[in-house]
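Chain nomenclature is as follows: A, B, C and D, assigned in order of appearance, with residue numbering initiated at 1 for each chain independently.
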Amino acid sequence: MSTESLRIAVVGAGIMGADHIKRITNTISGARVVAVVEPDAARAAAAAASAPGSVARRSIEESLAEDALDAVIIATPGPFHESVLLPALEAGISILCEKPLTPDSEAALRVIEAEQRGDKPRIQVGFMRRFDPEYVELRRLVESGEAGQLLALHCAHRNASTPPGYVESMLITDSVVHEIDIVPWIAGEPIAAVEVKKTKRNSLAPAGLHEPQLVLLETVSGVLADVEINVNAQFGYQVTTDAVFERGMAAIGRTSGITRWENGRLTVAEHMTYTTRFEEAYDREVQRWVNASRRGEIDGPSAWDGYRAAVVCEAALEAQATGRRVDVSYADMPAFYAG
Amino acid sequence: MSTESLRIAVVGAGIMGADHIKRITNTISGARVVAVVEPDAARAAAAAASAPGSVARRSIEESLAEDALDAVIIATPGPFHESVLLPALEAGISILCEKPLTPDSEAALRVIEAEQRGDKPRIQVGFMRRFDPEYVELRRLVESGEAGQLLALHCAHRNASTPPGYVESMLITDSVVHEIDIVPWIAGEPIAAVEVKKTKRNSLAPAGLHEPQLVLLETVSGVLADVEINVNAQFGYQVTTDAVFERGMAAIGRTSGITRWENGRLTVAEHMTYTTRFEEAYDREVQRWVNASRRGEIDGPSAWDGYRAAVVCEAALEAQATGRRVDVSYADMPAFYAG
Amino acid sequence: MSTESLRIAVVGAGIMGADHIKRITNTISGARVVAVVEPDAARAAAAAASAPGSVARRSIEESLAEDALDAVIIATPGPFHESVLLPALEAGISILCEKPLTPDSEAALRVIEAEQRGDKPRIQVGFMRRFDPEYVELRRLVESGEAGQLLALHCAHRNASTPPGYVESMLITDSVVHEIDIVPWIAGEPIAAVEVKKTKRNSLAPAGLHEPQLVLLETVSGVLADVEINVNAQFGYQVTTDAVFERGMAAIGRTSGITRWENGRLTVAEHMTYTTRFEEAYDREVQRWVNASRRGEIDGPSAWDGYRAAVVCEAALEAQATGRRVDVSYADMPAFYAG
Amino acid sequence: MSTESLRIAVVGAGIMGADHIKRITNTISGARVVAVVEPDAARAAAAAASAPGSVARRSIEESLAEDALDAVIIATPGPFHESVLLPALEAGISILCEKPLTPDSEAALRVIEAEQRGDKPRIQVGFMRRFDPEYVELRRLVESGEAGQLLALHCAHRNASTPPGYVESMLITDSVVHEIDIVPWIAGEPIAAVEVKKTKRNSLAPAGLHEPQLVLLETVSGVLADVEINVNAQFGYQVTTDAVFERGMAAIGRTSGITRWENGRLTVAEHMTYTTRFEEAYDREVQRWVNASRRGEIDGPSAWDGYRAAVVCEAALEAQATGRRVDVSYADMPAFYAG
């Protein structure tokens, strides 16, 4: 590994982009932000000021032309990913692309095609749960076979409340997309079918949003994952998974930390947002991506994983709209992604 | 209330009957076993010997003729319940009938018709979970409205292993029947539809038994309960319910008790059978039934609850066989049961 | 065992006495209250009215003369115990005496002398913790040697607040007296020395009461138990014990029950009084005493245990007053109590 | 803050030194190891090889002469600290000195004197618990006054087993020294007295070592902390603190993480060493020290904290040897450390 720091352009200076800039600057070893790419000039300047030695740029093309870049982190909304991915692939630099890779599977296939013009995968997709220590331990438990085969998963994905503009399809594309990535990763095999059920509507959800919903994901060997998606849960932010094995069970994501007794109750604080719940996962994800990038590799979900998530999301949206069970099928995986 | 003890015949001297005889004799206040009704003479004699002052009888008719009975506990297999219920109703004594009331809804309606010839309900059905302290607390939380409306339930029902002769339909009629009773009791409204999904098969289950299964119960207002029924879970016996409300959640049935640290792990013992898990519920159920019987009343699930459970079981068996969502409809409830 | 109920006089109709009357009447199998002994006529009449078939009496002598008694439960304040114990022993009936046996060790020795005039122990002392399921499990763990030898205990004894008239000595005689009984019971050997330390004073304690305090109890083989006595803890009632073994640890008394998530926190209700915390222990204690009484035996702490607790309390009061470590020595145990 | 990395010499390439080299190289942002100082040439070379761009040096003097150093991490055994601290102070570079600052308070005073010849504190002492998130939260709870005043602490410090050569005094100087630092930090005031009690001896401890022990630390306002030091606990590594407040309690250090059910038990893995238990604390400590060093400051326990810990250790050793309560008194704190 070179002793030089990885020189990174961060594209998008919204909440997620600003968070990545802060992380690279203060927490991550072996990397530094050299450019902030953001069309909003004021926001770009503010973000660049928070990363000593970085400059503000209007476009990825400008940054690629002016800055000596080793890598890029893409933190814009999904519809804008493709237009950054393609020139970055062309330039041969390392890429960490926030989820989703692209909003639909067709665009994902175009990105995959472009990536294969290079010598090896350059794109890592930001499904950060794969770096959460408890998810990692659960994956290892499945792989070990120690508790027998995995049979079923019970997942819950709860947000305190939704931002303005949140609509029903976003239950799938913004929220359940994480389970759509992590369920096959835990199970070690792809999703084969999806179905969506509605529970009684939470009257505290915004008008027009009927939720919670129960999303059923079925893998090719029959592992059944039920996912409660519940984005106006009020009490806090909570992501849990219970795994049922042939000879036992495992549960992750439970509340922990300082325990207090007061007013007749034991209490433990619950997370309120994903930023604290997955803080360690984000740090590990980025540190490992930086380390891998310095070796010219990726070390996490690939563009192919991004494509598969896009396919399942499309099926889940159909299932949500129709109430029917929808089968999922994928293009054949290129050998390029087999490593 | 009379100062005299309630004089009880226990019908059936198998595991459950013997357990009730022991409970009445050693634990319950204000009741005693005066007769053990059991066709197997040796078993009857042994059981009667364990209850000082009781006699062995061949049939309920013999006991009704020879003994001064105030009440009967029916602990025979379900198919034999009706032939004890009808003469006991005729005799006007109090009845505690183990679940199920009858194996099918048609027989249940015959029992209900017979019961209505009396002046008030005499039959209490042995759905003991309604007496478990945590279930009671969960029901109160729903009634209070404190956490908003109930939206969904996640239930798990796990047995370590199945006895010989256990077949797929028994997942519904022997096991999920408890959730079929308790879900509408918690929700405060009947079940309207049922659907059954299969997870990956546990290879440790007996040949021919494809389980775990996921049973979806939907109440009339849309509360969705998913029930994992898993009867070869190996690790222990576990019955849990998580309730999702508009503003919070509640979970019951978690492992508790002495915590030990040994060999690098914190450990807490799990129950291995329903007898320890629901010991307190059984004691409370029988004590409250005894107390109510001495006042000529019941104090728990009625024959009408038993009928409704039979109807839902029939729908669930159809759902299990067909893979389809099955709607549930009931006869009109007689005013007799409105109290 | 006789099929007849045990006929009990309850002496003292205060909170504890009323609670025992209710327990015998509604919960306990094989016993009934036939007399309530209480000098306050109105209170006696009210208590007797709650136990169908019982009468009110002015004194134990009157009850012994007028009622056919098999047993007596003594629930008066400690200073009045001796004057009930002696005639009850004289009458040869079974006795359940609430703790303490007597307020001082001298009186305890007089009671012991009187008891030995009978053919076997008749007095059981109401140290109910020995019947708490978790304490029982901890005792078994010590006896099994499974985790190696017991080395140390950390105990906490917390009350929400103190009633009027509570003074510093009562920290020992009313509260720590439970640990003074249970520590040697768990350890399987007597206490050899005691010392008392003060923590920072809780400003919410009544004027003149400096607490919490830390009481150190040392057994003959060197097991060191530290007891936090904290009787104005505000948040609830909590009794916990952590046991340190050579190869592991065990903890009892932790909060359990329905778990709720609300307003950013997981919460579990804590007990507020000993009546709910030890409800099951009281029920088991009394049921087992009733069962033993019907066989003419005791089945719990004896008068000798009551004497030893009185001796340790005296040493602890000296330790509290002087700040010094005080050695404890006992009279030789009569063979009468060896059983 | 400069955009240049902090150039660090690590002194001592044993376990702790190697760990710091790895941390600086792979985890910490804004710092790099430029020299490894270690008299054992082979070990020095191996350590330097693990940090790209670093060289091996025989002495701190050699490194100060040859390398452009901004800072030094001292990870040698305590007796060797002073001979590195003095030239490093002379050179005016930033210092992170592993605990203890020095083995005795006299040496600590010499270091403090030397440090005051500079313009501001340069030495940070490696009491890493102050950076553990739960300890930080407990400190905040004390400061907030939300639960009333702190009254008492119950601490446990358990190691699985001891390395060869571990003797009784090390219970204080190697282990309880952490509580000697953290108790006054939590309480917000110094320790005024110390006393040591022995529990029953663990027969699994090495010959000559009588432990566990119970160390009582008393702060100036009377907060009483009892510390179970138990270094052959076998089952795992565990550091817990329970804090008793006027209106409630708080507990930290409880086992958390993936929960498994297997063979009739719920289980959660316990830590086995301090490296995993305090991994996050070490990372935060070093990152904050690096950040502060780049501003020419410290951000953690000072040399004065190191001196005070040395004074209390001396008192605790006397208490351990004599069995007596020993009062603690300190030199007056120079204004230099008041910041």
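Definition applied: contacts are C-beta pairs under 8 Å (C-beta built on N, C-alpha and C of every residue); 3 or more make two chains touch, one makes a residue touch a chain.
In UniProt terms, the chains line up like this: A, B, C, D = Inositol 2-dehydrogenase.
On a predicted model such as this, the values are computed, not experimentally measured, just so you know.
K.L.:
If you check the contacts of chain A and chain C, which chains show up for both?
P.N.:
Where chain A and chain C share a partner, that partner set is B, D.
K.L.:
Between B-D and A-D, which chain pair is linked by the larger number of C-beta contacts?
P.N.:
By number of C-beta pairs in contact, A-D is the larger.
K.L.:
Can you work out the whole-Å distance between the CA centroids of chain A and chain D?
P.N.:
The mean C-alpha positions of chain A and chain D differ by 37 Å.
K.L.:
Using mean C-alpha positions as chain centres, tell me how far chain C is from chain D in Å, no decimals.
P.N.:
45
K.L.:
Hey, how far is the Cα centre of chain B from the one of chain D, in Å?
P.N.:
Each chain reduced to its C-alpha mean, chain B and chain D end up 58 Å apart.
K.L.:
Please output the residue numbers of chain A that touch at least 2 other chains, ranges allowed.
P.N.:
235, 247-249, 261-263
K.L.:
Show me the residue ranges of chain C that touch chain D in the complex, using the header's touch definition.
P.N.:
For this pair, the touching residues of chain C are 148-152, 154, 156, 197-204, 212, 214, 216, 219, 221-224, 226, 228, 230, 233-235, 244, 246-249.
K.L.:
Going by the contact rule at the top, pick out the chain B residues touching chain D in the complex.
P.N.:
It is residues 235-236, 238, 255, 261-270, 272 of chain B that touch chain D.
K.L.:
In the complex, go through chain C and note every residue touching chain B.
P.N.:
It comes out as residues 1-3, 24-30, 32, 52-53, 133-134, 137-138, 141, 147, 247-252, 254, 256-263, 280, 287, 291.
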